[in-house]
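A single structure is presented below for examination.
The first chain written gets the first letter, and so on, giving A, B, C, D, E and F; residue counts start at 1 in each chain.
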Amino acid sequence: MRIHVVNPNSNVGMTEQIGKVARQFASPGTVIDLTRCATAPASIEGHADEALCVPPLLDEIHAAELRGADGHVIACFDDPGIGAAREVAAKPVIGICEASVHVALLLSCRFSVVTTLARSVPIIERLVEGYGAGHRCRGVRAVDMPVLALDEDVDATATRLATEIMAARRIEGAEAIILGCAGMSSLCKRLSVETGVPVIDGLSAAVRFAEALAGIGYSTSKLGGYASPLIKTGGFNFTRDCAGRKTVEA
Amino acid sequence: MRIHVVNPNSNVGMTEQIGKVARQFASPGTVIDLTRCATAPASIEGHADEALCVPPLLDEIHAAELRGADGHVIACFDDPGIGAAREVAAKPVIGICEASVHVALLLSCRFSVVTTLARSVPIIERLVEGYGAGHRCRGVRAVDMPVLALDEDVDATATRLATEIMAARRIEGAEAIILGCAGMSSLCKRLSVETGVPVIDGLSAAVRFAEALAGIGYSTSKLGGYASPLIKTGGFNFTRDCAGRKTVEA
Amino acid sequence: MRIHVVNPNSNVGMTEQIGKVARQFASPGTVIDLTRCATAPASIEGHADEALCVPPLLDEIHAAELRGADGHVIACFDDPGIGAAREVAAKPVIGICEASVHVALLLSCRFSVVTTLARSVPIIERLVEGYGAGHRCRGVRAVDMPVLALDEDVDATATRLATEIMAARRIEGAEAIILGCAGMSSLCKRLSVETGVPVIDGLSAAVRFAEALAGIGYSTSKLGGYASPLIKTGGFNFTRDCAGRKTVEA
Amino acid sequence: MRIHVVNPNSNVGMTEQIGKVARQFASPGTVIDLTRCATAPASIEGHADEALCVPPLLDEIHAAELRGADGHVIACFDDPGIGAAREVAAKPVIGICEASVHVALLLSCRFSVVTTLARSVPIIERLVEGYGAGHRCRGVRAVDMPVLALDEDVDATATRLATEIMAARRIEGAEAIILGCAGMSSLCKRLSVETGVPVIDGLSAAVRFAEALAGIGYSTSKLGGYASPLIKTGGFNFTRDCAGRKTVEA
Amino acid sequence: MRIHVVNPNSNVGMTEQIGKVARQFASPGTVIDLTRCATAPASIEGHADEALCVPPLLDEIHAAELRGADGHVIACFDDPGIGAAREVAAKPVIGICEASVHVALLLSCRFSVVTTLARSVPIIERLVEGYGAGHRCRGVRAVDMPVLALDEDVDATATRLATEIMAARRIEGAEAIILGCAGMSSLCKRLSVETGVPVIDGLSAAVRFAEALAGIGYSTSKLGGYASPLIKTGGFNFTRDCAGRKTVEA
Amino acid sequence: MRIHVVNPNSNVGMTEQIGKVARQFASPGTVIDLTRCATAPASIEGHADEALCVPPLLDEIHAAELRGADGHVIACFDDPGIGAAREVAAKPVIGICEASVHVALLLSCRFSVVTTLARSVPIIERLVEGYGAGHRCRGVRAVDMPVLALDEDVDATATRLATEIMAARRIEGAEAIILGCAGMSSLCKRLSVETGVPVIDGLSAAVRFAEALAGIGYSTSKLGGYASPLIKTGGFNFTRDCAGRKTVEA
């Protein structure tokens, strides 16, 4: 089993961290094919960052399928380009927000999300509503830390996250907490232990769900909204040498 | 990894069929602990059947945890007793309807469900709405066959299912089809090939999702709606010998 | 007119209290046929308690119809087994949560619910959403008292309820309050007077609504989701001597 | 018990018919105080008709309370002026659409509505959605007959209604049908017998629900959206002699 | 271009203020045809006030079309009689609540509303939900000032509004604020400057949207819910001399 | 007044057609600043096309603001990149889908959409739901013609569109029709005349709405979800010479 985990941003350190978590939680025998979007923003914080990461992300999806990926994980909590990635991919594509929401629905009646910046709150609210979990999400909270600052002082980060987790538990009655950024994944277990509240990380869940769908043999439906992109001037180019093109760009 | 798959009904043949599919799609190394609810109705077709299967189902959940289960699958598309089972269990509990809905959302923009009897249609519609997928479910169709008649003439069953699948594709624009009964699981691949429409079986998905959650180390949240049942006269009895009690009843 | 009021739990004292309220608010000439579920939990606090009370509850519904009931009231705020009861019954079946929600919608623009334990909050939220009143319910609050403790010190109970009622009024803008437990019914008038907020009790409303539907001559629709249970091994048994069977079990 | 039933239109024949049904289905001992809005349109077919009937309707509500009404029924399926009537009234006010929707929810999983003119379809759809039953209403159909033509040839009317009822059953899977006009109430039983589908009339239900709320002692909440109208130039005038004023106008 | 702006209440001072704002923000060349409902309540605060203003408002709509209006604005935040006005009008009719909600959706992810009296809060919540913006509206707040008191001490009013605006920003995360009363329109710019939060006035927006629709050449659809009122006894009378009739009544 | 209309695709002919319609329906005195995304796909048909057009579109938005644009219109019915564009822009940004939905809500109770390819149907359904109009949209239909084929044989295109419009009217009860592609705008009037159904074009509406918002002086809120993109490696670059960069790329 080969699961492609793509970091939609270009940050090398965060990519490595994502790879570490993905490999830690993957099933034995699963190969994690880790990529980053070299020409994308260094972190994804808002609609424009999201938009700019998608074109290189689609190339990574396609290149990974050429390398034999059985499934894909988009390792950013905004699930950027997930619809487009599903058009480009034959194999299943899992976003970490969508995966974490599914986990939260399976483990609890009501959950909250803790994310980085306030500007991401309405984006996540809209995602969660779109995934049909609006009525079970009690709130989306921000610790007001930029994505790339999360691992500057890990203890301080953990403390701020724990504070918001406890507030979501006490004020909103959350029964579980979703970590709203791929950069928080490595803190998941620690926060769960320290707060006594079940904490959910979308990255590990997405890797396992990708394995699950691929293991059964499912593919993305090509009958409708996720049909392969049409061939046209300026359109997605399935035939180009993805890796080569990116080398040039990077 | 040990996954408990409980057939909420008492039918031996259907239990075996469920076990076969569960073992076929489980990951290598996973042990399927298969049970049935010996005092439950022979098939689950409606609210009363559902209600009658839940007390023995809770005993099976508890007994399986005593035997070391890492996760549970409720192998009936009505997801009977799922909230109660999550109270009784420490480990994750997955219903096959909820699992199949999550798969459909990951693979397609819009899906339909094909089930057995018309009486189950409003039950499934309500479930799908409760899971937040009402806006992406295009319809729930019935082939008007009782659950236990599904495997009397497999080719005839496949033909009737294929007819409804094609209708859902043509009329409702479904991009994927969920099979709305655990008794249809073994036909999933065949129907997908014959109709050209991606067909989703909740049973295999639920087994893999249970593995996924257990593999990461998640438990059911005990902070709120799924807290363990309180000890009281007539309440759920965690200390009794579940297997023994059932032996007597069966 | 004969209205069957079934207490889904097995507690004798609470059953008597329910009977007292039901008789107090029934129309002149209505006979209240009061039953309890002798093998059910002593109180219904969570999904498992609910699940365990339904099988005996269905027997009580059926037995009451054999005794000539014109309608049924399920006297527990979780409306346990209401779908299954509607399958078993020919006559209308009213749950006290659903009835109280209807009353609240008729008397106010926005309401809140005050219930016993925090664990019941997500259950009630889901019920209210399912009844289509999610957008008009401003909150569900718990006094953190077990059901059977409500009448230990009635003045203390009233004080705690009044505190939550006033909070719902002040903070959530509730225009009316629903009492979220059958064990609170006898306090309804007193709380309304003491707080100045209209307080709604589902039990009296359900009795009157059952009279209303029966008085017009309505029956539960048997065309679809509430069709009578199919006859099958382990299925609901319409022909057994309900009362007799229960005597043995009790 | 004294229930005020107000026909929002000015038609004398239809008022009498409404009175007949109301008296037929009221509880023994209930006095029906029947009024019509003498200056309103002859029938309510659309938003403008609705708007024009409300000012005289509010006067009728007020006058009836002065005469001792314990509750009010607005006998038009558009529930015209129901919010304003609840402001003016101290006692409960029931609309026949809202009442019939509540009955349908209590008796069936899914229902459809059959009304008079196509122009009323979006009005009723919006009402039903507002009452929170949009997800359980399968359709609103029109027989394309004006309100006042319904009783010109009762057999022809019954035939056209029966045709739409059967279509709603067959095509939409409706388990019960709501008659979407007060002028159809007298056909309710007949249609139910002839089609085999439970048919619901909101007028009889509203009378019984008004009795129910009044019998328990409930009043309309005055804490918020239904607070009494403020006294102001051109505002609602509680002190005028309602009956006298109307005599002059009629 | 000729836009009819009707103040649904009868207050002369408020009408003039509305006219001033409408003319200030209309496009160059647009003629504002300003009317008031002489027989309506002096201010619209609740359902009954709304109901009483609609009949004269419909006459104003019709009379304005006879004078050549290309579009209509209903200058009260409750959008009173908007459906009926759309039946009576051939030209587009815009309510200031609906217009302001559309503006808020175009400029921000999430908004709040600040209105006058608490009694209007549930009315506005229901309007916003009906316009499909419930999931993006974070709250409706009241300054607890009657409509006609808003301009008694403009500085005090501005201070109270600013306080609520800042609270909505801080507590609810509102990204923009809608002023929930036509009487607040003249404070829009000032409040935006003083609070640093984008403040939206529905009156200016509605005038511009009416110009927009009329400029393109759109009319109200007459195929369904907004078809012209049917001619009947007591129904809307298109042929009467609107101005004459009102003169007599005023 | 200067309104920037950007065609998200790279097709020159379609850009000219969009410019023609925009200029035809703009207010007198409005200057239309017309651009296209030279490196984008030749037409936008699906998620991947959308994703690929957004980066150049953001550059066009920024460049137009540098040239003095008072507002922006994104002239593609998928509203691609609308959130990102609102981050980049100070001035209002209007999508033609969102604008047309607002118009449809102002002119009718219920509408349908007619678009080009079936693959766009779920994309549009999701957009319309996100705009809160799901409950008033009766259907989204496709004529099964690629975007760039629309003007090959204008009469044939008009005939196919008229056929779907009439079907939406007859089958779904649509009271107005939205044209679901910028390439259909020039047919709007003709189709309305030929079918007798009000037909709505989002492009002209968006131009007028952009004028409206800019005319009043509104800007996009920078407090939250549409805050300006953060400056970072690979992030949106406000300081580059947009026009110059594009010249090189084109």
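As a convention for this text, a contact is a pair of C-beta atoms (placed from the backbone, for glycine too) under 8 Å apart; a residue touches a chain by one contact, two chains touch by 3 or more.
Keep in mind the model is a prediction, meaning the values are calculated, not measured.
**Q** Identify the chains adjacent to both chain B and chain F in the sense defined at the top.
**A** Touching chain B and chain F alike, sorted by label: A, D.
**Q** Farthest from chain A by Cα centre, which chain is it? Let me know.
**A** If we average the C-alpha coordinates per chain, D ends up farthest from chain A.
**Q** Which pair wins on C-beta contacts, B-C or B-D?
**A** It is B-C, judged by the count of C-beta pairs in contact.
**Q** Report the chain pair from B-C, E-F or B-F that duplicates the A-C interface, where duplication means over half of the contact pairs agree by residue number.
**A** Repeat of the A-C interface: B-F.
**Q** Just curious, how far off is chain B from chain A if you go by their C-alpha centres, in Å?
**A** 28
**Q** In angstrom, rounded to a whole number, how far apart do the mean CA points of chain C and chain E lie?
**A** 44
**Q** Out of chain F, which residues touch more than one other chain, so two or more?
**A** 109-110, 118, 121-123, 126, 134-135, 173, 175, 224-226
**Q** Which category does the touching pattern between chains fall into here: line, ring, star, complete, or other?
**A** Other.
**Q** Per the touch rule above, enumerate the chain pairs that touch, sorted by label.
**A** Pairs of chains that touch one another: A-B, A-C, A-E, A-F, B-C, B-D, B-F, C-D, C-E, D-E, D-F, E-F.
**Q** Sort out for me which residues of chain D touch chain B in the complex.
**A** Chain D residues touching chain B: 109-110, 135, 173, 175.
**Q** For the complex, which residues does chain A have touching chain F?
**A** So the residues of chain A in touch with chain F come to 9-10, 39-43, 45-52, 54-55, 58, 81, 83-84, 86-88, 118-119, 121-123, 126, 130, 146, 224-227, 229-230, 232-236.
**Q** Which positions of chain E touch chain C when the two form their complex?
**A** Listed in rising order, the residues are 118, 121-123, 125-126, 129, 134.
**Q** Where on chain F is chain E touching in the complex?
**A** 25, 27-29, 92-94, 98, 102-103, 105-110, 131-136, 169, 173, 175-176, 189, 197-198, 200-201, 204-205, 208-209, 211-213, 215-221, 223-226
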